[in-house]
Amino acid sequence: MPHLQFPALSVPLVLFWVFAVVACLMGLLVIVLANPVSSALALVMTLCAVAGLFLTLGAQFIAAVQVIVYAGAIMVLFLFVIMLLQLRGEPGGLRGVLFGPKVLAGALGVALITQMGSLVATAAWPAGAADPAAFDSPLNTQMIGKLLYSRYLLPFEVVSVLLLVALLGSVVLAKRKF
Amino acid sequence: MVPISNYLWVSVILFSLGVTGVILRRNAIVIFMCIELMMNAANLAFVAFARQTHTLDGQVMVFFVMTVAAAEVAVGLAIIISMFRHHESVNIDQVDLLRG
Amino acid sequence: MIHLLDNMLIRAAVQGLMIISIMLGCVTFLVWTERKVAGHIQLRIGPERVGPFGLLQTIADVIKLFMKEDITPSSANKVLYTIAPMLAVIPPMTSFAVVPVWSQFALADFNIGILWVLAFTSLSVYAIVLAGWSSNSKYSTLGGLRATAQMISYELAMGLSILPILMWSGTLSLREIVLLQQRHLWNIAVLPFGPIAFLLFLICAIAETNRAPFDLPEAEAELVAGFATEYSSMKWSFFFLGEYAAIMTGCAVATSLFLGGWGGPFVDQVPLLGIVYFVAKVFALIFVFMWVRWTFPRFRYDQLMGFGWKFLLPATLGTLVLGAICMTVFPGFYHQFYGR
Amino acid sequence: MDLKWIALVPLFPLLGSVINLFLGRRLSKGVVGTLACAAVLASFAVSVGAFFSLNAMAPEHRQVVVHLFDWIDAGSFHVPFAFLVDPLSVLMILVVTGVGFLIHVYSTSYMEHDEGYARYFTYLNLFTFSMLVLVLGSSFLTLFVGWEGVGLCSYLLIGFWYEKKSASDAGKKAFVVNRIGDFGFALGMMLIFWTFGSLNFTEVFSGASRFAAGEPVMTTICLLLFVGACGKSAQLPLYVWLPDAMEGPTPVSALIHAATMVTAGVYMVARCHVLYMLSPTAMGVVAVVGGVTALFAATIGLVQNDIKRVLAYSTVSQLGYMFLALGVGAFSAGIFHVMTHAFFKALLFLGSGSVIHALSGEQDIRKMGALKGPLGRTYFTFLFGTLALAGIFPFAGFFSKDEILWNVYNTNRVLWVVGVAGAFCTAFYMFRLVFLTFFGESRLTSEAKHHLHESPPRMLVPLFVLAILSVVGGWIGLPLMPGGNPLTHWLDPVFGPEAAVGGEGAGHGLEIGLMALSLGVALFGIMVAWLFYRKTPKLPVALGASMKGAYNMLLNKYYVDEIYGAAIVRPFFSLSGMLWTFFDVKVVDGVVNAVGRFVRGAGSAARGLQSGYVGGYALAMVLGLVVVISYYFIK
């Protein structure tokens, strides 16, 4: 077997690059594709790639939840609505957007990337003092659960109420007759 | 270990893409998707920082972001549906209800 | 040295291929079984001409399907139309990876295995949605819409029906769940309301695979063939393949969760027996799937949604709550079976 | 019984109230009434248990704070929600739940035909709950919660028949007048917190020892608190709401506006006796206000014609006696009178309710008479209450009133004369009431005569029980006992032995003499009443005609309502009107309009920005974001 020489090319790094490129590319497709269904699919791909990135960060639970909640539920809901509304004749993609706004939006996007990127590039990111072993252990999920039910109990409960309210709100909004 | 700045770069790019999409696109559903994109960028940054600091709080935060996103999508899509019923369109340029 | 091409990865790839080919083989066998079962339930004999007992009938059908013309409707979205059938096969096959087939063998032993299964199950809806949408035909779209609503609804109940097990076992790893059952009894027997939870899970699994009596997305009588109306030839057979792969995965997961996986008498002495037990249990469950399909009439759509939201969901929540109550009220019982 | 169960005492009525609130309309009347009564009875049982367990303790330990939960914990402001169990509060909860239970039972029959049956018992239970919180609270804030709670219930119950304009007006009047008192009370509370850094009784009272007697801050606190007490306990000048409160159902008048709530002010002042002892000025004010109110209200009561109003003024007057007692430092005598008064005044109100019930709602004593026969049992119990109120030996009122007067005599002779004059008036108007109602010729309308009937057992039994209590209730405060009377003895841990001022200094002979004197005064009052209304019924008419000015003055209650109307309400209205026409219309509206014009102008200038298109907004937002971040980069 030929030994290809790439300096310090490890499995996580390769995986990172794969997922990162997929995520960014598909993210780009989300905003340029004309067909909303295609956009949605591109977003699904982005989400899955981000889930992959989560995996490389050792956040298995979050990765799984990302797929289940985002890809499996939220995006399906998007597709469902698109299909329900039969959005075929809608203005697609960037056609119909004037040149001025196009340039302005692009410029703003670039400006944001440079600004935030320069922060990322210049700032130092000191590692935390906590025990890395505990973080990477298979007990990760268990510990998230414990955190949720101890330190974050109140937000947890509040969020559940929020979900209930959203549920009722969407039913009321989407109902035809009252 | 992949350095954290790599992840943050991805996060920055995804976020900016989302912002650009929100400005550019006219289809309300796509705009919504772009918002999801931005949220994901934030989530990615959260998890990256969580690993950097070796704490799980970042991951817990992502959990909450996802829940809020789910709630937001439920309501948002319901709004889009009722908007479609009124205007036969989801083009935000045809809707100016925010005008006093 | 690139670690990508590490031995471990090669081994994983080989094992993956093995699983896939075995599953494909099983599917051909399952199609034959289904037709046989259907035949006998309907007081017929079923296929018997090609090969001994008609065993080769499916092979012949596959060849026929390969040879047919592959039609793509002119108004369809070509790319998505092509991608959709592939998406039908990938999720069930991928989720099979975490099922511990044998004490010595599971393709991937995640500590969040069951979440992995749920994640990929939740992705399987895309195939149908995209197929329905990209075909650009009324029947397909309606089928796709139905499938979306149905699968989202029943996925919830399925996840909830598993929760009591996760709560009692205290782990998300399928392998550990199976090992816990090895120590004592199967979950279906030990868990409070285990049989009920098992039944609920089975119902949801049937609904998730879009099989009768939950086959509204394709409902021949009303929607021609629903989301698959426009499909033919290989693309159509992919959906077919996906359905059977999903059945196998569903039954394998149910076996691991409720029926003790590869466990059984004398497994410790003769480890290979494990595979036999596992396959036997899975096939028994698959037989139940077929039995149900050929016995029950189809739901009406509103009944289907009502059943999912108004019965299954509360029922699964109920088993969860009752399980939690039992856990605190009978700690001795809990520790005897699940204590560490 | 462990004293921590004291929490159950208010809890039972609260539960009853909540259940009746939500399910009351679905449940049958029997269930609703039984539930409400059972709740109060359970509280009473627990209170009795608390009494015995407190009794079993050593006297110096009879003060237990039962901590329930932390209510407010903000910075240095820390208020636990806790109950203070000591002889005083236990005595109060016994009275509240005991009398309250009897009145609940009475109500089940009295309100039987009312549509708001469940609502009535919801309020009544809620009132019991609030009153119990009031007397049990271990801090001023907890007390204030109960204080406001009973005020609310009082408002709700006065206006119970809210379809009647006079009833809802009376409710509002009570609420507004009480608000003035509460304002004073709240100010007093703030001053207490500012002075002591805490609102807990234990800390405040132990902190009070740092102050010398007569310090201005103490006087201010005490006077402010007394303003609150005046409002709640209907003392001059804030008594005006109580007579009007008679618009409520009669059992409510008995429970809230005679037996319990109105004594809250007395309770509060007694509770704060440590503070009052430090301020002779405030004590003097309390005594004078109490004494003047006692006589003032009694004189009004002489000529009133509404059976309940006579009793209402009598209540005001008796409350005046209680304050008089407190003002001269005879705290336990005041509390003693609170207790006996609760018995006989509840009895009188319930008796009058029985009469009103029998006459289908007639309240004017000029249209009664000769009811002794048909309402024999009611008459019998009513007479007991009257004798008790008039202070005839050996009824309860005799002991408590004489203890007060004895203490007053030892402190201030002028106030003693006022008190004795009030006692004379009391005996007179009460027997006037009895003679006009139960004796003489029947002046009933024929319809009322037709319906006339004795009340059912559920109303009579509470009357009998209260009648017995009106006799024996006073015996726990028997005077001339060696080592003080039992009640004073029981309250010693709260008020300290020094509270029984004066009693020891003078001889027993003088005390007995004074008793005989006041008994004689009371009997004289009864005799005059007999003379006026039995012997020569023309006499009062002639007297009224010959002293027309004085008579009208009394009949119109010294024109106090009119004076308030002219002195406060009218100027208030005209001031409001002036502010409205000038300040509001010209100045405020002018400013508002100017702002509006400015905004409109600015808006029309800026409306171009608000296109209503979300895309534009998003663009502007991101633009701003980029600019802000750029600013930080450049900086």
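For clarity, chains are labelled A, B, C and D in written order, and residue numbers in each chain start from 1.
In this section, a contact is a pair of C-beta atoms (placed from the backbone, for glycine too) under 8 Å apart; a residue touches a chain by one contact, two chains touch by 3 or more.
Not measured: the values here are computed from a predicted model.
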Count of contact steps on the shortest path from subunit B to subunit C: 2
Mean-CA-position distance for subunit B and subunit A (Å): 8
Centre distance in Å when subunit B and subunit D are each reduced to the mean of their C-alpha atoms: 61
CA centroid of subunit A to CA centroid of subunit C, Å: 28
For subunit C paired with subunit D, centre-to-centre distance based on mean C-alpha positions, whole Å: 74
Residues of subunit A touching at least two other chains: 61, 65, 73, 77, 82, 84, 101, 104-105, 108, 112, 116
Touching two or more other chains - residues of subunit D: 615, 619, 622
Listing of all chain pairs that touch each other, if any do: A-B, A-C, A-D, B-D
Footprint of subunit A on subunit D - complex, ascending: 615, 619, 622-623, 625-626, 629-630, 633
Residue ranges of subunit D in contact with subunit B within the complex: 607, 610-615, 617-619, 622
Touching residues (chain side subunit C, partner subunit A) in the complex: 1-6, 77, 80, 110-112, 115-116, 118-123, 125-126, 129-130, 132-134, 141, 144-145, 148-149, 151-152, 155, 172-173
Sites on subunit A touched by subunit D in the complex: 101, 104-105, 108, 111-112, 115-116, 118
List of subunit B residues in touch with subunit D within their complex: 19, 22-23, 26, 31, 92-93, 95-100
